[in-house]
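Note that chain A is present in both complexes that follow, paired respectively with chain B and with chain C.
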Partner chain A sequence: MEIIVYGVINSVILSLMALGFTLVYSIARMPNFAHGALYITTGYLAWLFMNSFMSLPYPVAVVLAIGITAAIGALIYRFVMIRIRGMEISEIIATYAIGLAILEGLRWGGLRGMTFTLPPFIAGSTTILGVSVDYQRLVIVGIGLATFAALYLFTHFNRVGLALRGIAQDERAAMMLGIDSDMTAIISLALGSGLAGLAAILLLPLGNIIVEVGYNVLIFAIAVSVIGGLGSWAGTILASFIIGFAQILTEAFLSSHYQMVVALLAIIITLLIKPSGIFGKQKELEERV
Partner chain B sequence: MFEAREMMVFYENMIALNNVSIDVPDGKIIGIFGSNSAGKSTLMYVLSGIILDIKKKEEMRGGERISVYGKLTLDGEDVSSLKPHLRAKKGIVLCPERRRIFPESTVMENLKIGSYLSDKERTKDNLEYVLNLFPRLKDHLKRQGGFLSGGEQQMLAIGRALMANPKVLLLDEPLMGLSPAYMDIVIGGTKEIRDTKGITIIITEQYARPVIPIIDNGYILENGSTVLSGTGAELLDNPDVKSAYFGV
Partner chain C sequence: MMRKERIDRGVRVRTAGLYAIASWQEILYLVGPPLFLIVGAIILPILLEFAPYWKRVINIVCVYAIIALSFDFLANFVGLVCLGGAFFVGIGGYLSAIFNVYLHFPVYLSIPLATISGAVISTVLLMPALPLRGVYFAIVTLMYPLLATRVIEALNIMGGTNGIIGLDSLPNAYVEHYMVIIVMLIFLYGMRRFVNQDMGLVIRGVKDNDQAVRASGISVTKMKAFAVFVSSFMGCFAGAYIAHMYSWAGISLFALDFSIIPIASVVIGGGGTLLGAVLGSFILVPISELLRNFGTFRIVIYCVILTGFIVFKSEGIMVYAMRKYHQFERWVKV
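Now for the complex of A and B:
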């Protein structure tokens, strides 16, 4: 029972981590390796707003932190990525460099040790199906599912959301209909960074705000995206559940040190068996044309 | 009035369009005919501005050097340097070669993406218009675009372009790979768009015979230059043209 409950929770956590990465890749075809850095940035900003110079109330600090992270994402596109769009290797190098700069900059700026924590939404715990679960994890599952639903509605019924999907499927065809490719890329990076921020606000209360978490989040996000098929929504969620349960199972029967090994092994196995991922269309679509 | 003056395009040192000038009076259908590699698609890229995007991407990755010269005006306003999405805003909408509909979106979503520039009211009117024009699309509204047949995809592509409120609609090889029955539907639809909405249409095609009856004016492209222009009847009368493009 414990495995099922915590498996579900862990899976939702993983998909929250990966959602922003997938969104940016699926729309702008850009692997955002600064994802983990943006995640930590949001946590650190929220902590800063609450504790140091302003001591803002929790909701204000959180919204402000997510907003600023989204703006950082938009600026990254506007001033850096716009020049190298479409060259995958350069995109990876540039975003990874930005991520490194942010993370190591934070470490240099004093983000060290265990003193940085965010409070949970609601403290305390309850029992579900005979398993004790703290409220924060339930909030994570609830908001996670709400985020999936909101994203689905946005990309299927909203004018801008539909335009994003148009650009994702055929950039030039969408351009001919009056959709601005750079604008959609800015929106997607802002949204993706905002989602990274949302994940940070939800997940960081479970642990500490430390720089290493930024790297781990990036690795998990990449693992989930690669296994699900880069840029595929359904794939991301399915892959989160596969890895999520695999991690909980190894934790239950082996030891919790193997969590990262599971994610990386899953990448290797996927690349060996089906390089484009479970729902990946990279290769297949090209062949059909 | 949509005018192209002395358009020249080079891919590296190869000339793709050589001094092509085209006049497109409002509410007319203009045909552009030529064999493969005559420059039809390049001309469409130039008119819709896609060439600027291709050029930018090639420059960024240090690929082919593309040079574009010439002047494009829409109702007296110079649009030569406008990006494709801004040209679409001005009313120049391209319905591209090979249709390029969004394969993973449903027919309805394809049309909605097309109406990105329209407000709610226009979208509703346009949707009704498109579904009346191509009633066959009504049966497939919930189907993914990629699963439609070639003819249905072409109808969808034209419908999607119409949703963007074009003043000048560019149709690049709309008959490619269609059965004669679908050719009739597409050609009939094209004429109806002009007749009912007054939209100016430029249509390119390799095989001119089915298109000739509906055009007001036509140009023949060969190796990037216009070798002949005139009304449909005039083109039909020219013996060289007859054998080369009409299969007579």
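Now for the complex of A and C:
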């Protein structure tokens, strides 16, 4: 029972981590290696707004932090990525470098140790199906599911959302219909960064805000997206359930050291068997020789 | 209206033909730059005799230059962007530690053995990733050093988090300097030759048009495997050398520095020139030593320089310098 409950929670956590990364890749065709850095930035900003010079109330601080992270994402595209779009090597190196600069800059700025924590929405715990679960994890599952639903509605019943999907499906045809490719890319990066921020606000209360978390989030996000098929949302959610349960099972039967190893091995095995991922059919031919 | 025109210098045109050796000026034009690099690299340890700290930096510069060469070859000649150069370094370092500490091989055996066996092991381990291209390969190679670190930590093998200590250090300081300098020069000029040989041309074909290579009846995966072998050969040598230089092999051999600094060097120096990789590390690594007090802030500075170069000057210093050397610009009326 415990395995099922915590497996579901872990899976939702993983998909929250990966959602922003997948969104950016599916729309802008750009691997955002700065994802983990944006995640940590949000957490740090929220902590800063609440504790140091301003001491804002929790909701204001959180909204402000997510907003600023989204703006950072948009700025990264507007001033850096727009110049190197389409050059794969440069895209990878540039986003990776930006992410490293943010993370190591935060580490240098004093982001280490146990002092940085975010408060949970609701403290305390309850029991579900005979397993004790704290409220924060339930909130994560609730808001995670709400986010999936909101994203689905946004991309299917909203002008901007439909434009994003149009660009993702066929960039040239979408541009012929008057959809601005750069504008959608900016929106997608802002949205992706915002989702990374939302994930940070939800997940960081479970631990400390430390730089290493940023790297781990990047790895998990990549693992989930690669296994699900880069750019496929249904695949992302399915893959996060696969990895989520695999991790909980290894933790139950082996030790928690192996959590990361499971994710990494899953990537390598997936790439061996089906390089384009579970739901990435259309790219199979161009990515594999 | 005026516009700028770029044309070859006279001496370039004169030396391009078969009868290059007509005057001292032309000979100097041809052999000057490589001679400057080779002689400069060889007398550098003697020049820095009075600055012992900076003498040690030479070794580190050359090690990074070798790793940068391996990245440049793989990224710009084969089209495989390897974000995990540290994986090769770690494999080489740990293998030389195993050969030296556990099996008691002397230094002059353990380094070459670690280089060759490390290259074989790295190639075999990277095999699954070889059919991949572009983003996928970059992602997977980014994972490899992390995976290695986690496995060593989780299984607590090979010294665990403490690493393997007590490797033999190299006999004396001059052997230490000249070994790495000479190997760097051999790798540099060897690779410059190799990429223009038949084999090198096929490998470059894999980057530009792998379907054409396949249509010619050549296995693309085999070619890529060979390229990874060459590249990891250089990386493993660097790792084995570092392990012996510090008399220690630990999980920090898989650290980010060995992945990111060479990439930055290649981008700054100019991708696809091989010389640029060396030049870039000769610029970046001393800067890094100057900034040693700033701790991790160094990486921030690297990344800012790296992003700046990618965005504003993606050709790199070497390509720019070569253009200035061979050509001049003038204003013409249109």
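Keep in mind that, in the parts below, the second predicted complex is superposed on the first by the 282 of 289 C-alpha atoms of A that agree within 3 Å, B and C clash if a C-alpha of one lies under 4 Å from a C-alpha of the other, contacts with A are read in each partner's own complex, and residues count from 1 in each chain.
In this section, a contact is a pair of C-beta atoms (placed from the backbone, for glycine too) under 8 Å apart; a residue touches a chain by one contact, two chains touch by 3 or more.
All values reported here derive from a predicted model rather than from experimental measurement.
Steric overlap between chain B and chain C is absent once the structures are superposed on chain A; the two fit side by side. In the superposition on chain A, A:Leu264 contacts chain C only, with no contact to chain B. Applying the stated contact rule after C-alpha superposition, one finds that A:Leu162 touches chain B and leaves chain C untouched. Residue contacts after overlaying the shared chain place A:Ala146 against neither chain B nor chain C. In the overlay built on the shared chain, the residue A:Ala234 is in contact with neither chain B nor chain C. When both complexes are overlaid on chain A, the residue A:Arg83 reaches chain B and chain C alike. Of the two partner chains, neither chain B nor chain C is touched by A:Ile4.
Looking at the shared chain after the overlay, A:Ala71 reaches neither chain B nor chain C. Of the two partners chain B and chain C, more residues of chain A are touched by C.
Of the two partner chains, neither chain B nor chain C is touched by A:Val60.
Contacts of A:Leu177 after superposition: chain B is touched, whereas chain C is not reached. Put simply, the three-chain overlay gives an angle of 90° at chain A, taking C-alpha centres for chain B and chain C and rounding to the nearest 10.
After superposing the two complexes on chain A, the shortest C-alpha to C-alpha distance between chain B and chain C comes to 11 Å.
Shared interface residues of chain A, touching chain B in one complex and chain C in the other, are 83-84, 87. Residues of chain B touching chain A in their complex: 48, 50, 53, 57, 60-61, 83-85, 88-89, 93-96, 100-105, 109, 112-117, 160-161, 163-164. Chain C contributes residues 75, 81, 83, 128-129, 131-136, 138-140, 142-143, 146-147, 150-151, 153-154, 210-211, 214, 220-221, 256, 260, 263-264, 267, 271, 294-297, 299-300, 302-304, 306-307, 310-311, 314 to its touches with chain A in the complex. Contact residues on chain A toward chain C in their complex (touch as defined above): 31, 80, 83-84, 87-90, 92-94, 96-98, 100-101, 104-105, 107-108, 215, 219, 222, 226, 230, 255, 257-258, 260-261, 264-265, 267-268, 271-272, 275, 287-289.
Taken together, the chain A residues at the contact with chain B in this complex read 83-87, 156, 159, 162-163, 165-166, 169-170, 172-181, 285.
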